[in-house]
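In the two complexes that follow, chain A is the common piece, with chain B as its partner first and chain C second.
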Partner chain A sequence: MTQLPPPSAKKLGLVIDLDTCVGCHACVISCKGWNTENYGAPLSDQQAYGANPSGTFLNRVHSYEVQPDQGAAQLIHFPKSCLHCEDAPCVTVCPTGASYKRAEDGIVLVNESDCIGCGLCAWACPYGARELDAKEGVMKKCTLCVDRIYNENLPEEDRQPACVRTCPAGARHFGDLGDENSDVSKLVAERGGFDLMPEQGTKPVNKYLPPRPKDEMPEFDVLAPYLEPIASDGKGFVGWLDKALSALPGGAK
Partner chain B sequence: MHPAASVILFNTFSGLGFGLLFWLGMGAIVPTGTGAFVWFAIAYVFAVGGLIASTFHLGHPERAIKAFSQWKTSWLSREGVCAVFALIMMAIYGAGLVFAGTRLGLIGFIGGLASLGVVFTTSMIYTQMKTVPRWRHWTTPAMYLLLSVGGGALLAGQVKVAAVLLLAGGILQMFAWGSGDMRFKASGTTMASATGLGHIGKVRAFEPPHTGTNYLMREFIHQVGRKHADQLRIITIGLAFVLPVVLLLLPFSHILAALAVLSHIAGVLTLRWLFFAQAEHVVGLYYGKR
Partner chain C sequence: MSLDQPQLDTSPAVSDEVRKTTCYMCACRCGINVHMKDGKVAYIEGNKDHPVNQGVLCAKGSAGIMQHNAPSRLRAPLKRVGPRGSGEFEEISWEEALTMATDWLKPIRENNPEKLAFFTGRDQSQSFTGFWAQGFGTPNFAAHGGFCSVNMAAAGIYTMGGAFWEFGQPDWDHTKLFMLFGVAEDHDSNPIKMGIGKLKKRGARMVGVNPIRTGYNAVADDWVGITPGTDGLFILAMVHCLMKAGKVDLDYLARFTNASVLINQDPKSDQYGLFLRDKDGQPQVIDRNTGQLAAWNGKGVDPDLAGTYRAKGISHRPVFHLMADRYLSDEYAPEAVAERCGIPAERIRALAADLARVAFDEAIELDRPWTDFRGKKHDKMIGRPVSFHAMRGISAHSNGFQTCRALHVLQIILGSVEVPGGMRFKPPYPKPATAHPKPHGKVTPGAALDGPHLGYTHGPEDLLLHDDGSPKRIDKAYTWDNPMSAHGLMHMVISNAHAGDPYKIDTLFMYMANMSWNSSMNTGGVTRMLTDKDENGDYVIPHIIYSDAYSSEMVAYADLILPDTTYLERHDCISLLDRPICEADGVADAIRWPVVEPDRDVRGFQSVLCDLGARLGMPGFVNEDGSQKYQGYADYITNHIRRPGVGPLAGFRNADGSGKGRGDVNPDQIQNYIDNGGFWLEHVPENAAYYKPFNAEYQDWAVKMGFYDAVQPYIFQLYVEPLRKFQAAAEGIGERQPPEHLRERLKVTMDPLPIWYGALEDDQVDLDTYPVHALTQRPMAMYHSWGTQNAWLRQIHGHNPLYVPTKIWEANGFAEGDWAKVSSAHGSIVVPVAHQASLNANTVWTWNAIGKRKGAWALDEGATEATKGFLLNHLIHELLPPKGDGLRWANSDPVTGQAAWFDLRVKIEKSAVPNEAQPAMPAIKSPVGKGPSELEWKVGK
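Entry: the complex of A and B
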């Protein structure tokens, strides 16, 4: 049913640390690998080795440059996948009931055998979390690795989403954001975790942790001023040389 | 938004077809026998032809029957239910006129209103999208209804009504464009709110997630429409509204009426192309584009 269930007590989701992410895209690859081989239709590629490659991904890493008013710009790697919103607009627009939010843990899923591939849920999602697979004609999205997190055939340490398991920097955390005493909830409270596009009213479960302020490096090299290699003051001998050479035919002004 | 040909054809022709069914149902013209058959055939070819075209963009059209189930929340589902209801009602009304020469007034009235219901539910599919600020406004359903009723009146030969409705449509469309141009900015969704990094400084997309394109960029980021928006708007106003009204005001002839219809259809196709091509989805912000 595409009616949203009442808010669940358990809200499984991800916390993504923008301070720690190094932009290696390992989560993208492990996500594609796991979700191509397991739950639902594989994530197809078109012209994977051609001139214009394209494919279905459930997780993508953007990189942004943020320029403060003063000081150096910061480069921030920004992984983005389904945020498993509490007020998921993608669910209610679905005409067939293929798109649904689980009442027990809040995971948003697609029942692929009911999906007609109309694409309306992708239109309704402000985050670009849903992609229509070009080969299978059904909507694909992050399942929060629902086939891993409850899978008792896997060793316990592997019972978390593939992206979290693989992240070499520890930038991705998985847990119950409905439980305020969970590790992820504490992390969000400590670091000031935030929602993406809060004005869209989707109430995302996934949270992002902001980058920490950059350290200021103090000037400690006492010789540096004397080794200044660029003469820009134009005084004395250098100043005379500058003017004299500029006056020659073809001289730089 | 990507202007998919199937959806543009559906919006244009089903709108006209259901508009004509509305006027037939309301009894603006009451043909009987073979004449009635021709009128209803035209309306059904437009309305049903458009509906069939709309299934061409589906990944799995063979499962379309499932789309009637979620009418409680989904405007697309409501549209499907409404369309089937309207088409059945109007088929009964039409059969009465064609085969028995009898006008089943109440059924026609219900079918006519349901025909407008189809157009309204279609418009709400777009209007509900908070992600596309240009569409999320009362002018979207108002424009859909006005175009359908106006175009329907044109097809049904209701000269005076059609002229008034088309004139009103042209004016409302210009208002919808003008106010729509401001709406993305007014929505408050920016690269800063999309990334949550605005408190540090000015956010710029440095590197996209992939070297190539992807489904999201193909579906949601379309810049050609905006590039030529001014010219296309003038063409739309001329073809969809001004020229048909001028042709209607000239002394009546069937050739001029046919030209008015053709001009209107060409104008509405342009209008619908712009409706999609100009609409900006907020997801483009993640790519530093709109």
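Entry: the complex of A and C
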């Protein structure tokens, strides 16, 4: 089995804001496009125009309905990709060393030339974040766009994962979660960012920001002063209007 | 195993070249960077410099590479060889195709130009296609607005000179409370997501008003699960609360709206309900400085909201008094509307109170001095930071026009339109109804129409009626049926042409509109109309020409197919003359250009029209010597002059590219756009950025930029006088009178102040039998039919269950995997169901246009889109159920003719699980075969 490197100081990852994600799938397709053309084997599609199309995606958005005890049901959009865990079970389970965690930044990758497509890593991942490409027979997973984030052929502002660059609502953030002063770490601290399934003991680097409370508009009695009636009908309103207008600057006629 | 990491190249080459153009995966028109490798499209991302999307891109946009390479692309012109609807075609040359089209069209133009009905769908070149139709001389032209959102557009133009999306947007950087009513996702796609992101970042609040809590509503801080079709009632109840509490912006109302304008109040007068006007025709107000009458726009005039005037025994009261009389009525009290709207009265009050709190207690001030059109100087810009956005959700009802008007009036009484934090117009808007053309429909055989087809009516005299009262247009636009049908009624064209009501046509010519499928109500009925034959065995609609880039369902129903290019292979201009891409702080337009050349025998449709126009000898399309004027669309874009100095593109005018807005032709203009990233943007001067209709600096800038030729300040029309003119006619005033059967309806629906009335269909349908509302929504990851040919997007939305709320789910004992029979007064479908709790308790819904017909879009006949996917369209008729009077009543808004898609009422019953969704229409033969089974789309080495 494969060993993990000592924990890196730099822990690159994503912070995903569940309060802002509208579930548009922009990140899903941008990822599909970049990673089909770039890193490793293309992400293939089977029965692309057939009865039951299926293909390899490194990032998918799921939607869950939540029914609170009180009030209306809510819908949460939940994008999911590799969380680049510190204790990544997908790495330690790999029989060939193809799965590895980078010592310098913690990104979990698959060296496709060593991957035998045995699928053990996908079984070991509690998040279901790895997909075996049906055409190439190799394991595919989020690379955190390792071929973008350091890429000197890209303008500096574009050196971020494709999913982050494209996200229309700005719900996805990329940075160093090992640096407590980084923007992403501050965001996690401010918004109560959380680990996905911490009980699995995988220590995911990616964090999720929780949805803010919904449907908590103040009761009307708090707001009632704003609607204190000045009239009960059109005639009363006209009377009020005359007074109100004369109170405006330059209003006294 | 070892810890040796493989050597990784973290700086691989990204592409050989980046070509910047405009997306066309939906109507949003974002800027895209197309990365090229070996001359092929390798990757598409958002253009960071582009005003619309600023670098971001949605799922559709990123999947453009799959659209561009879709196996459903048409390859060559097609001539029908089997019966209509069979899909049997033969490929022909362009010369043969254009000769055939010319042979059909030339005699029509010479003898009866109205026998051509030319309607375009979701194209973005309406100022060009309209120009072509005008040159042809037919009155029968429109695009798809009539079945989309004309209620929103027309209500906005008549009320305040623009509505949302292309016309206006919330002030995302300053607004503190944003209320969003139902929207089709592409109206406006990425800018709304970006705006919501900005609100979230600033901690501003968002309220979603929508029967369905998905997408934007899922992230809204508060969700109001309103009953469909009652938005107008809800809005007017908030207007009631705000007026009753005096929470209205009196200064704004007095100065910048017609709340102060005097209305004739004598029911015996032929001027009853009309503005008091001076001898120059200017509406009158009482000037607070003098207490005397004055023109609304007089220099230094200070209009009095409460001023009345009596002369010659006739009383005149200001509009604001009439509003008080109407909206303070208990009819609009929250208690009176709560049950109907499905919103508790206390909640309506709380929402109104919150609007008042934010608008007035949290007002903002920008230190920007400005001068209004009356010459009054203001040292600050005061903002009411509440904003709204709405599109199809409230407009696709038969009460949609008045509902959209109600929303605009709500914004205006709060003083939140064109102010910091409120709703802002995007140049060249605002532009009042009076600055738009009137509709034209005078036909002269062999010559051009007398003016542009579409425009704004201001009274009965502007209707397009023959002397005998019959409609001039095939779709009956601008008739008493729908006097303000500013976008035409595309959904009625085939139905009316088939019925010969008002007359028969010879050729139906359509572009990019899937009328035999998801773009029509009553899909099965429409396919029968398209294939119906007369007693001689000839098709009732003799000729059908259709242009599309893809093998859509409509292709099978045409006789001649003119194959279009994909959006990456064509020239286009997103023009200020049309539906521009501007932002509130800037005027902008954009192009598409062939970033790759077509590898098929296809041509851009607009270039084909340049060719056809020349073959037909149409004015504007031939030179003096009769030769073809424009060699293609790019030539037209560069060289066409609409008004002196004004052409399709506003940027880089004059030979040296220096002209902004106005200027001479620049032969290198398109290259200048390409060099600039595919667009042009000019910022609005800072002190002209708000109060645009009233702001002298903005008005001067607008003239300089060529939006119009003289300054035209105006005030918002809370009271729309043209509506009153139609209403007055229905009351018997004036020469031009409506037919008796429409009189009562016109009296009610053409009210000059916003009202609410129930859906027209509700009067004709037994609501005990059909109690449930049924809606569609457009998914964020798919656009109309286009998405299903896209190998990536169809994996996100491969079929569409009917989402059912808990109450109906439990009442029917539904379980996962069940199917239901859904029936309306018109028809029934059998479809899969799924449970959704976050849904109005009396509403079901599904995704729009996922369902596909077998054989279309190069899909396998077993595709889930065809076996489990379905259309709600089968349940919706283009006509209301018969009333027994022998008349064909359109299922449309009675003011604008907008298709009332969302008035649909259904019943739901559990069904046995069928083999596939019903009705299952027979397969059509694919003219392009089927797509490959496996994809591995990597173009680089």
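Note that in this section the second predicted complex is superposed on the first by the 213 of 253 C-alpha atoms of A that agree within 3 Å, B and C clash if a C-alpha of one lies under 4 Å from a C-alpha of the other, contacts with A are read in each partner's own complex, and residues count from 1 in each chain.
Keep in mind that, in the parts below, a residue touches a chain if its C-beta (ideal position, glycine included) is under 8 Å from a C-beta of that chain, and two chains touch if they have at least 3 such contacts.
Remember, it's a predicted structure, so these values are computed and weren't measured experimentally.
Trainee: Taking the superposition on A as described, I'd like to know which of chain B and chain C A:Tyr100 touches: first, second, both or neither.
Mentor: The answer is second: A:Tyr100 touches chain C but not chain B.
Trainee: Is A:Tyr49 in contact with chain B, with chain C, with both, or with neither (first, second, both, neither)?
Mentor: After superposition on chain A, A:Tyr49 lies in contact with chain C alone.
Trainee: According to the stated criteria, A:Ala9 is in contact with first (chain B), second (chain C), both, or neither; which is it?
Mentor: In the superposition, A:Ala9 contacts neither chain B nor chain C.
Trainee: One more residue to check, A:Glu199. First (chain B), second (chain C), both or neither?
Mentor: It touches chain B, and chain C stays clear.
Trainee: So in the superposed three-chain picture, is A:Val28 touching just chain B, just chain C, both, or none of them (first/second/both/neither)?
Mentor: Both partners, chain B and chain C.
Trainee: Name the chain, either chain B or chain C, that contacts more residues of chain A.
Mentor: More residues of chain A are touched by C.
Trainee: Look at A:Glu65 in the shared chain and tell me whether it touches chain B only, chain C only, both, or neither; answer first, second, both or neither.
Mentor: Both partners, chain B and chain C.
Trainee: What is the contact status of A:Ile76 with respect to chain B (first) and chain C (second): first, second, both, or neither?
Mentor: Both partners.
Trainee: With both complexes overlaid on chain A, does A:Ala124 touch chain B (first), chain C (second), both or neither?
Mentor: In the superposition, A:Ala124 touches chain B alone.
Trainee: Name the residues of chain A shared by its contacts with chain B and its contacts with chain C.
Mentor: On chain A, the residues that contact chain B in one structure and chain C in the other are 1-3, 28, 52-55, 57, 63, 65, 67, 73-76, 94, 96-97, 114, 211.
Trainee: Can you tell me which positions in chain A touch chain C when the two form their complex?
Mentor: Result: residues 1-3, 5, 17, 19-26, 28-30, 32-34, 36-38, 41-42, 44-55, 57, 63, 65, 67, 72-77, 94, 96-97, 100, 102-103, 109, 111, 113-114, 135, 146-147, 149-154, 157-158, 162, 165-171, 211-212, 214-220, 223-224, 226-234, 236-238, 240-242, 244-245, 248, 250-251, 253 of chain A touch chain C.
Trainee: Can you check the complex and tell me which residues of chain A touch chain B?
Mentor: 1-3, 18, 28, 52-57, 60-69, 73-76, 78, 80, 89, 91-98, 114-120, 122-128, 131-134, 136-139, 194-201, 208, 210-211
Trainee: Which stretch or stretches of chain C touch chain A in the complex?
Mentor: Residue list for chain C touching chain A: 1-6, 8-14, 35, 37, 42-46, 48, 53, 55-63, 65, 71, 189-190, 193-194, 196-198, 200-201, 213-216, 218-223, 225, 241-247, 250-251, 254, 288, 291, 302, 304-306, 320-321, 324-326, 328-329, 346-347, 349-354, 356-357, 361, 780-781, 789, 791-796, 798, 836-839, 858-860, 862-864, 867, 930-940.
Trainee: Which bits of chain B are touching chain A when the two form their complex?
Mentor: Per the touch definition, chain B meets chain A at residues 1, 57-61, 63-64, 66-70, 72-77, 80, 125, 128-132, 187-189, 191, 193-197, 199-216, 219-220, 281-283, 286-287.
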